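Letters A, B and C mark the chains in the order given here, with residues in each chain numbered from 1 onward.
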Amino acid sequence: MISSLIIVIGSLVIIVGLIVFNGASSISLEMITQTPSGGYYLGKGGGILNAILGSLFLALPATAFAYLIGLGIALFLQRDFSHPKISIFIRLSLDILWGIPSIIYGIFCLMIMMLLGIGTSLIAGIVALTLLELPIITRYMDESIKMVPHGLKEGAYSLGSTRFETALKVVRKQAAPGIMAGVLLGLGRGIGDAASILFTAGFSDNIPESIFDSTASLPTMIYHLYSSPIPLVRERAYAAAFILLLIVFSISILSRYLSRKLTKHVIV
Amino acid sequence: MKDQSYDNNKLIDIKYDMNKRRIRDFIGIKLMQIITIIVSTLFVLIFLILFSKSIPIFENVSLTDLLFSSLWNPEKGEFGLLPIITGTIFVTGISLFIAVPISLLSAVYISEYAHKKTRSFLRPFIDVLAGVPSVVYGLCAFLFLVPLVKDFIAPRFGIESTGLCIFTASITLSVMVFPIIISLCVESFRSIPIELKEASLSVGATKWETIRKVILRASAPSVITAVLLGFGRAFGETIAVNMVVGGIPKIPSTLFHPGQTLASLIASAYGEMMSIPLYESALMFVALILFVVVLIFNLLGIILLRKVKRRWNY
Amino acid sequence: MFNESVKIETSNLNVYYHKNHVLRDINVRIPAKKLTAIIGPSGCGKTTLLKTFNRLLEIRDNVKISGEVIVDGENIFSSKKDVSDIRKNMGLLSQKPYPLPMSIYDNVAYGLKIHNHIKSEELYERVKHCLDEAGIWKEVKDRLHDPASGLSLGQQQRLCLARALSVEPEIFLCDEPTSALDPIAAQQIERLLDKLKNNFTVILVTHTLRQAKRLADYVIFLYFGKVVEQGSADELFNNPRNSETKAYVEGDIS
């Protein structure tokens, strides 16, 4: 039993250790402030600023969209708006969406893009990531909104709030810690996913200037660099992974910190 | 009558906007309703699009050839998915074979043996493992596991291997599946009523007997669900597998030979899929298989979990 | 029966909840600017009756209501008035205080802000006035912008009262407002209720008979979803006409 736990923990230690050990050593200021110059993938100068910014440009709007859409759905799932029997089906379909592999979202968006005649672009990547994050964020929010005591809603209703006002101003605030945790979990998932943006956001050495430009991202950058025969380039993959892990871990730390901060208003 | 002091404080500029508020309420709720309907039918839309896009391949290649022919040469118009399906089954199967016992034992330890302090430290640890992006798993496997398999493990079995093989992919996937199974199992073990454990212990059962006969049995459906969800993850994982599996669509003769999986195939083939006739449609069919299989397994898992929740009423 | 004006009147009110017939043919009259206590053993439908008055019951699923609830001569179920207006007219104090998840100040300001365009200085004055009326101003004036969840239960309940006052209701619905509180806090609430009944129609659901005796002008006795007896407090407590009422008042059934 202990040995199996050691395997589990050991694998995490190996992963983090490998990335930190190799990544931190090859990281440089140049790496995070410059875009790839010609021949970067052969070991020449430049950095991966395009991928860092690309990741943020993709994941942040996607998370914002997923939050807005998801909030609407999660609030709607309360019995104040929808019949519990219908909510069961909606939750089921969200759970199904949650399980769909991210490559399917990528393919799906690619099909839509072909239909609309859009090439690989920032906007397509954002849509794919939004779809990927949506069920995660929504179900998280839903679970925490479900916990909002009925008496609190009654209190708001008895002041003459409409259902929409109550949902948006009172319920949302009471559920804020859970909502925040869900959003940040979604962000973490979105920023680390490669399969969904591989075909949709494409790849580019430049920082995107419009939403119709292709863009690189940290995961796709790693995917492009990892198998290079040149050790220097491989080390860059480590460094990119290091940055990615750093972002993902900061998000999860931030989530713990914020949810503690947001609980101050929550009524128990 | 209200007393004077109260009346004096009456609002002077009361402006009721009830109509405006009512309209906002109405629009807001309708909007919520519409997006809910759209999103909850999204999986049907995905299915329809994948299905309609795979129709051309059905028209040109028979379903038996698609599923059971072992020749995959899109350039020559041969679309036999058997090697890829075999590869997928191997990779997923082996990864679960490794992951399930290890995760289960870890979960039992975390929930039943670990001190409260250790537990509160271990659970976030597992969450961190779950949050590591798959491309990072792939990278680590490529740089750590691949040389290991190539230089040490495969030679032990007397096989020459590049390290990019079914075995490596399976190990990588099993590590990715750990956190899913562990966290679901821990949650389910912890939710078993303490009275049930006490009842078993009080008839003289040892702790291990209690775990085996009471806890594991009582949470069997949740454990199955966890395994099913883990399967969904492993089956659909694309990037990490793609990085280490070798990417050769041939039925592997040993575990240390390269193979290909459905999800990984889509990622590899993306670049050239537009230039070869029917290739795109074939890939859509691959995506369709992926979608349907994952859907069925997840659905089973979800339904089981709901039944359990109803039984324990938590 | 009594010569005061009637504020709320129900006729043949029936409520079904999950196929259970919770309230049966309720016909009650509630006088204006008096404190009416609804008494009865737990589970007899007191809270349900209270929540039909401001249409809070409808939010729950599987509830069916028939009959009429007439407030100021208008049936609230067929009224052209918006349900928000009907609810606004009735302040609610629930068993457990539920302050809104905001600061103390915003709790009271919330109701004012959603209904009115209001200047901030005036808002402050109104909030102060309401908190003062609820007897909590002195305790919270230095920490108005702290979260309301940090208050004690008794303070939270008074905050809820101030919050209800802010939208200027005519009726107060109190659902065992002291049951979660310690004796001192409960006493403070009782004093406030006693003061409120001069200006408002107060309906108090309570299962402590002594509280009803202390506060009520008029009493409705509910038993298994039916109104057994209603009348002035004096009469009902000292001279019950019905044997069940007598048994309950004397403490034989609870």
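Operating definition for what follows: a contact is a pair of C-beta atoms (placed from the backbone, for glycine too) under 8 Å apart; a residue touches a chain by one contact, two chains touch by 3 or more.
Predicted model only: the values in this text are computed from it and were never measured.
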| item | value |
| --- | --- |
| Chain pair that, of all pairs, has the most C-beta pairs in contact | A-B |
| Per-chain CA centroid nearest to the all-protein CA mean | A |
| Inter-chain centre distance, chain A versus chain C - centres from mean C-alpha coordinates, in Å | 46 |
| Centre distance in Å when chain A and chain B are each reduced to the mean of their C-alpha atoms | 16 |
| Geometric centre distance via CA averages, chain C-chain B, whole Å | 51 |
| Residues of chain A whose C-beta touches two or more other chains | 162, 165 |
| Of all residues in chain B, the ones touching two or more other chains | 21-22 |
| Multi-partner residues of chain C (at least 2 other chains) | 84-85, 114-115 |
| Complex contact set, residues of chain A against chain C | 79-80, 83-84, 149-162, 165, 169-170, 173-174, 176, 264-268 |
| Chain C residues within the chain A interface of the complex | 51, 54, 56, 59-61, 84-85, 87-88, 90-92, 94-96, 98-103, 110-111, 114-115, 147-150, 160, 163-164, 166-167, 173 |
| Chain B contact footprint on chain A (complex, rising order) | 1-2, 4-5, 7-9, 11-12, 14-15, 18-19, 22, 69, 72-73, 75-77, 81-82, 89-90, 92-104, 107-108, 111-112, 131, 134, 138, 162-165, 168, 185, 188-189, 191-195, 198-199, 219, 222-223, 226-227, 234, 237-238, 241, 244-245, 248-249, 252, 256 |
| Chain A partner contacts - residues on chain B that touch it in the complex | 21-22, 24-25, 28-29, 31-33, 35-36, 39-43, 46, 49-50, 53, 101-103, 105-106, 108-110, 113, 122, 124-129, 131-140, 142-144, 175, 178, 182, 229, 232, 235-239, 243, 263, 266-267, 270, 283-284, 287, 290-291, 294-295, 297-299, 302 |
